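The structure follows.
Here the chain labels run A, B, C, D, E and F in written order, and each chain numbers its own residues starting at 1.
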Amino acid sequence: MPKSIAAFGEVMMRLQVPGYKLLSQGSTLNYSFSGTGVNVTAALARFGHTGLLVSTLPENPIGDAALSYLQKLGITTSFIRRDGKYVGMYVLENGFGARPSRVTYTNRLESSFNTAAEGTYDFNAIVKQVDIVHFCGITLAMNDTVRHLMKTLAKAVKENGGTIVFDCNYRPSLWGEAGYIKAKPHYEEMLQLADIVMMNEMDAQFVLNLKTEKNDRSEQLKELIPIVAKTYNISVIAGTHRTINGDNTHSLQGFIFKNQAFHFSKTLSFSVYDRIGAGDAYSSGIIHGEMEGFPPEKTVEFAAAAGMLAHTIAGDTPMSTEKDILRAMTESVGDIER
Amino acid sequence: MPKSIAAFGEVMMRLQVPGYKLLSQGSTLNYSFSGTGVNVTAALARFGHTGLLVSTLPENPIGDAALSYLQKLGITTSFIRRDGKYVGMYVLENGFGARPSRVTYTNRLESSFNTAAEGTYDFNAIVKQVDIVHFCGITLAMNDTVRHLMKTLAKAVKENGGTIVFDCNYRPSLWGEAGYIKAKPHYEEMLQLADIVMMNEMDAQFVLNLKTEKNDRSEQLKELIPIVAKTYNISVIAGTHRTINGDNTHSLQGFIFKNQAFHFSKTLSFSVYDRIGAGDAYSSGIIHGEMEGFPPEKTVEFAAAAGMLAHTIAGDTPMSTEKDILRAMTESVGDIER
Amino acid sequence: MPKSIAAFGEVMMRLQVPGYKLLSQGSTLNYSFSGTGVNVTAALARFGHTGLLVSTLPENPIGDAALSYLQKLGITTSFIRRDGKYVGMYVLENGFGARPSRVTYTNRLESSFNTAAEGTYDFNAIVKQVDIVHFCGITLAMNDTVRHLMKTLAKAVKENGGTIVFDCNYRPSLWGEAGYIKAKPHYEEMLQLADIVMMNEMDAQFVLNLKTEKNDRSEQLKELIPIVAKTYNISVIAGTHRTINGDNTHSLQGFIFKNQAFHFSKTLSFSVYDRIGAGDAYSSGIIHGEMEGFPPEKTVEFAAAAGMLAHTIAGDTPMSTEKDILRAMTESVGDIER
Amino acid sequence: MPKSIAAFGEVMMRLQVPGYKLLSQGSTLNYSFSGTGVNVTAALARFGHTGLLVSTLPENPIGDAALSYLQKLGITTSFIRRDGKYVGMYVLENGFGARPSRVTYTNRLESSFNTAAEGTYDFNAIVKQVDIVHFCGITLAMNDTVRHLMKTLAKAVKENGGTIVFDCNYRPSLWGEAGYIKAKPHYEEMLQLADIVMMNEMDAQFVLNLKTEKNDRSEQLKELIPIVAKTYNISVIAGTHRTINGDNTHSLQGFIFKNQAFHFSKTLSFSVYDRIGAGDAYSSGIIHGEMEGFPPEKTVEFAAAAGMLAHTIAGDTPMSTEKDILRAMTESVGDIER
Amino acid sequence: MPKSIAAFGEVMMRLQVPGYKLLSQGSTLNYSFSGTGVNVTAALARFGHTGLLVSTLPENPIGDAALSYLQKLGITTSFIRRDGKYVGMYVLENGFGARPSRVTYTNRLESSFNTAAEGTYDFNAIVKQVDIVHFCGITLAMNDTVRHLMKTLAKAVKENGGTIVFDCNYRPSLWGEAGYIKAKPHYEEMLQLADIVMMNEMDAQFVLNLKTEKNDRSEQLKELIPIVAKTYNISVIAGTHRTINGDNTHSLQGFIFKNQAFHFSKTLSFSVYDRIGAGDAYSSGIIHGEMEGFPPEKTVEFAAAAGMLAHTIAGDTPMSTEKDILRAMTESVGDIER
Amino acid sequence: MPKSIAAFGEVMMRLQVPGYKLLSQGSTLNYSFSGTGVNVTAALARFGHTGLLVSTLPENPIGDAALSYLQKLGITTSFIRRDGKYVGMYVLENGFGARPSRVTYTNRLESSFNTAAEGTYDFNAIVKQVDIVHFCGITLAMNDTVRHLMKTLAKAVKENGGTIVFDCNYRPSLWGEAGYIKAKPHYEEMLQLADIVMMNEMDAQFVLNLKTEKNDRSEQLKELIPIVAKTYNISVIAGTHRTINGDNTHSLQGFIFKNQAFHFSKTLSFSVYDRIGAGDAYSSGIIHGEMEGFPPEKTVEFAAAAGMLAHTIAGDTPMSTEKDILRAMTESVGDIER
């Protein structure tokens, strides 16, 4: 049964140099609008749910363009405020083979979302209308006001009986020096509120400062994730292990930890067209599986396939339907569909 | 010695989303004009023969554009009638890795070609001017009038001493439910007229309803093709086996059955840029080999290399010369030619 | 106060040759989705109303792309059914100066909208949710089923107390030979139901077969429009007179006839970037003025300015806000806004 | 009745900076292939005649691309030799308003056409197959071998009873210093052979060194053209007067002098999209009128309208049909054709 | 004799929606880098001088791209520091006819240039190497540190015997509320240092708060500019009057006030391709004329023609050579240059 | 410590068909300017040195565009003369998988560089300003005047105490029939002057006609290179062995021979985006290592990584910084940098 899912997060403008040129070689940029919240709500809207974004965009042509773009993705925009002055931007230069992709940010801290004041969102209206709210660690890294808004909304959801999804998504460059120490209390606060958490053993060790004697990351995972689930009383923890292979393909294996048990997806290996946002596709798959009541072993395969397909789609935002993903779970790559 | 080869078939407008976007993500389309008859006559024109298309295009800007495009490909257009209202179209969304390509058709049944009435083509003039005529199973799937025109032309060619090529090319989506049963009598009629036939063991089993105890497709091929050749009195039967590999490369092996003997090409493995129309390149290679009097073991290698190269060419229509193909048969992939 | 406005009409795919090439010269097309109903509801959504489209799109990638495009325009798509097989298309070649633009249609009669059966739309739900429904003469030209659906919906709106807008929009090529005679009874039926009608003296003479001794079109207008309003009991009749000037600029004067009085806008002269759909912008301006309770002399100026601006916007669909139009009504063209 | 018309001339590759950038600002070029002979034969092919080009192209990918392009234009390419090494090229930067367009040539003297040796073309075969041959002053400016080939072909046409068209087309930059003195004997030789000549009073004064006391160019024309016609025994002389107006539109008036009488077209004023090759459209109109037996007053209007429309078409080569031109002669610019 | 001219100013990234789409309609942007200082030094470099920019760019791919772009323009970049984090950006949507262009800025106050600290530039080295330094009112609007740096550099130039150019360039949106009052003391400080000033009667009235009884702007100019020159001891004051005509052409008349006398250029009327930066072309013309010792009546015609041509060039930055401008001063618009 | 490095060589215009179309299929070209000297000086400028090109470009828009492009690459252009008429050009059609790339040249022998007369360059000024001059075998293949200029400059460098780099770069198509015999004396003359030489065992055998009994190319290398070094008194000889693998990746191993010892890099395997110019990246790495005083085992790894990265960069010219290359030497391919 379709649900109402909101995400709280920033909309960013992605400026991508076409093909494999560097910014200093080109003269045109492809633009689109994305962000973790955008990606997750768009993906869930494509699965048949109502995906609402809670965010702020300026009342100017850039804000108008962002809004149109979100509408095109099928996102319900009734909770998007128009205020402030700017939209955060980033420039993406595609890597090729031995040359990695590069992302260069403009000043996102002055964006409409990150300068929205306390009390500007009507959280009461939001929590009444939605079943689930998604938050992420990128938003948590912004500033005190945003963090406070985020926690306030999370508490309101909790009190209203809604489900909270939290994607740890720790980005070192956003937290700066001594970032783990700064981040830890905020992460802990969110984890205590969360029902479904996206993370892996790296987050457990670096952000939560848990210790392990194990060297193998699978073993670290199996040791640490149950501790996190127990400590913060989390129903579902899910995440992935990614490997970048010598031939530039990536391999991805998903896990889900629920009811004291781990379930792992097959390890999928695939060519990568556009890597950004693929983690959000995985999260969306987990959320969809949980909302639809899939058994966890199906949920994790579904999420992994959703993640794999998102690597083959242009842009940050997943575009696959449930049917596309179910087929990718069962069939080998086929010839042209006609 | 160059020959005159006609093909009877529809010209379609191909609308391709550039790069790897979905139609719902993009805003531009690349267009070109193709079709099995277009591809085969263009390929043969590039080998030095005269390639004539027998078809109908509307007297409007889309028809004009199609005609210009065929001229550019080197096709002789003197047998193309201008009549009717529409050109069939299809939208192509390129797949990437784990995500397959998708083809979406517009209503081709109302096209100029498919609504051309009995008696509108001057078949007498055509058969006097050409040595060979190519037909295909896609045309056979259209409607009764088209089928009747097709068979009438084939009989006229036969009576005039010309050679008939028939490519089985069974497309399930065109025949609809119980398609094999509907198709069988029409296929049998064409096979009885044909001298050179493109097919493999799948067509023999599904379209002609032949039975085999074998499970391996090579063994099925070796059992069934001689039966078909004998039953319908066909001089040459040729076709391919295609495998899609885990790393998204394709492998192709061609066969030719002639004078009671099979000849197989090497199995070629290669990266794929544009798969559509590659089967027509293989057919063109077989026709060229037969017309030039190549020994069958050379013909099948030539056709397989022609098919392989067609996968590396943008658009449906093969663009390789005889020289390009002969080089690809003997040399490994080289550095830049300069 | 924002209203809910629905339009009943077909969504078409516009395939435009970029720049000033002919289709036979180019290799790419820009695509978008439009139609009178699309244009009117999108324009009204941009004015702050809820614009709903009542239509049918196929469940395939072309239908998906159309739906995304409508969402991007801000159209509420909850009354769009997914059924049938095709989307009507047209190719647009831009004219330049002495060379006129050309539009070439594909077979729209097989489209999802034009093949939707009786009883497929939930007209009850629609009429309950909307204040106004817009219909147009293009839809009326399609076929008997579509005409019947259109009239059924119009009657239901009427019975439910809603307002009916009818845009005469007679297209000779759609009605074929003896078109005026075929069209007249259907137009009369719609006029009898309509509250607000878009037409001018040409429609009165040719479609409704009214006679006048006058030669000047303004005088014809002043004589015939009051007769039409009276005969069919229409509250508001509005329309335009267009002149194409020697320097390729267009001049446009709008009129509105309401409460037995004519009001004319200033004659606006302007350069034209994209002419298609500008009539729908004018209609939207009239509807907005009526809904907002503008005095008719303001409504007609607003509609004319909306029409003028739509000629400066890429694509069929108007993109101007109320603020943009109000400024264009009062200010001369200014320097860059920064 | 359709005729066979050949032109003898070079095929050049046009490299155009898109939009209004300078070459030093851009990064892409649009390419096409043209030349006076290409333009004239393509225009006449579009009018229903057989247009054959007599030229030479290299056996390499640039030559292949040129050949494909000529085929697309509908030119019959059976008299195009494949030999030599290069294709002449020119870069076009579009002007805008007060900034003129610029053309920069690469080294055309080393082109396949300009290095073709004596005796390489089968002029006997050509003159037997064609009714008319077109030559132009640009070819005459190349080098001695080309000039000799040109005159040899012209004499062969003459002897065979064919018609010779000669377009004076004097280009100062090609003849260099003291160009008029160098050029005069060659022009006189061609004029003595020619039946239809494209020129105006400028050519008469500067190339043929005729003197006049008149200051007005119309009066100069009326005095000098009859002298030229008589001196060289020319049946038809035609040409144009062009004015560039302050608003960047151009005005064009055509004339034809035949049977001792002048006929002038209306003066046409129009916006210009692509000026290059418009003179060839005018020539093609004169040739078509003469071949079809139009009265000269119709021929000159047809040619002027053909010239006008060529300014609205992308690329050097005219694309209008006879029907397009006849309509432009009688109708004012209309609204969209749909 | 070529001079060394530096400009002190910000480099901005211009993101332009191609053609005439709105940002909410498009998917690609053209990018370039500009700014008043960039435009002036690039224009002067094209006239044969050494043009140096004094600015700061971040050490990241956006800064690298900006630097490459400036090098391409011929700007000497040895005084460009690499520091800070951001480049200011603006989005440009081209207007068409009745629809004005729109510029939307991102947060330029956080740019590398606007966050550069006191003492970071080596002003000593700069003033020793240059003859002239250009400043503008946009820079003056930024913040106190930038203003202080600007004045410090100006004073150092003065002390070193260099020439100071100051372009008033008052932008209301940058100064905010009560902007004129805030701006006045800073403008006065710069005017007291300046030798050559770009301004007109608007600046005198609004920024300097001078009063006049005259209504006509020409008369206001003639009254107020001499007062300004005298008050602040300015050698040369120059500026323009612009009119936007009904047919979307612009008219421009330049003036120069020097040695107590006014000189006016012809009023030039022209079509506009890209208006931004044309004022900087005018300034560059004035500076060039002064540096070369042109008589003022030639300087003002040169500057006006430079300004006119800059409207026909893509991008903010003037690209015309001295030769281009001299020709535009004397010749009417000609046919293609070839 | 940064050095001044000049290269003597031609600037060519590269015209690349975008994507994987053939020239006969496309309509646009991407253009850029390159050449061995361009690539080497640009690469070294990116490493922090001053890279000067000694060349000639025409005083026309193509020359202007080339000059702007070189400036953009960071090349110091003060030694570029403006003279002559043409720029050499080549068309590049990208291969795909089994279909090799094709390069087609226009007539470069008439280029400004190749027609520059004796005595036109101010070699005295050049040698005083630079530490190192780079020459290559492509220049040596042009004509006697160019060869003489090249040797004259090399001798002047030598006399002035500068370092000479010579890249053998033998291109069979440029030397024509009996090319090795023609080339040998010129190569020997350059080798006698050179300090650092780029070559491998193929050059030793074919150009220098050295004999070996060995069959394996590594053994041939180890036998012949020391002989060459000794014979011509060369300090450093470096080069690569390239293998094209079945999966279209390339493998590259670099070597350096210095102080009687060989050092080999790791064999690097990688995907190839743009192969042209990668050899120049390798040379630049060797030159940089030598100038910076790297130990030879680091120099050869650095050069090999520089070569590898150049295959991943669009265009002929390397764009990597020293930091990019050092990271590629030590890290495996990573995820997005953000």
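As a working rule, a contact is a pair of C-beta atoms (placed from the backbone, for glycine too) under 8 Å apart; a residue touches a chain by one contact, two chains touch by 3 or more.
In this text the structure is predicted, and so the values were computed from the model without any measurement.
Between chain A and chain F, the least number of touching-chain steps is 1. Between chain D and chain F, two chains of identical sequence, the interface residue sets overlap for the most part, with shared numbers making up over half of the total. Comparing chain pairs B-D and A-E by the number of C-beta pairs in contact, the larger count belongs to A-E. Farthest chain from chain D (centres taken as the mean of C-alpha atoms): A. Over half of the residue-numbered contact pairs at A-F are shared with one candidate from E-F, D-F or A-B, namely A-B.
The centroid of the Cα atoms in chain A and the matching centroid in chain C are 42 Å apart. We define each chain's centre as the mean of its Cα atoms; on that basis chain D and chain E are separated by 46 Å. The residues of chain F that reach two or more other chains are 22, 24, 26-27, 68-69, 102, 247, listed in rising order. Chain contact summary for the complex, chain F toward chain D: residues 15, 18, 22-24, 26-32, 60-62, 64-65, 67-69, 85-87, 89, 91, 93, 102, 104, 106-107, 110. Chain C makes touch with chain E in their complex at residues 247, 249, 268-273, 308-309, 311-315, 319-320, 324, 328, 332-338.
Across the complex, chain C is touched by residues 68-69, 71-74 of chain A.
Of all residues in chain D, only 19-22, 24-25, 90, 95-103, 105, 171, 173, 242, 244, 246-248, 275-276 touch chain E in the complex they form.
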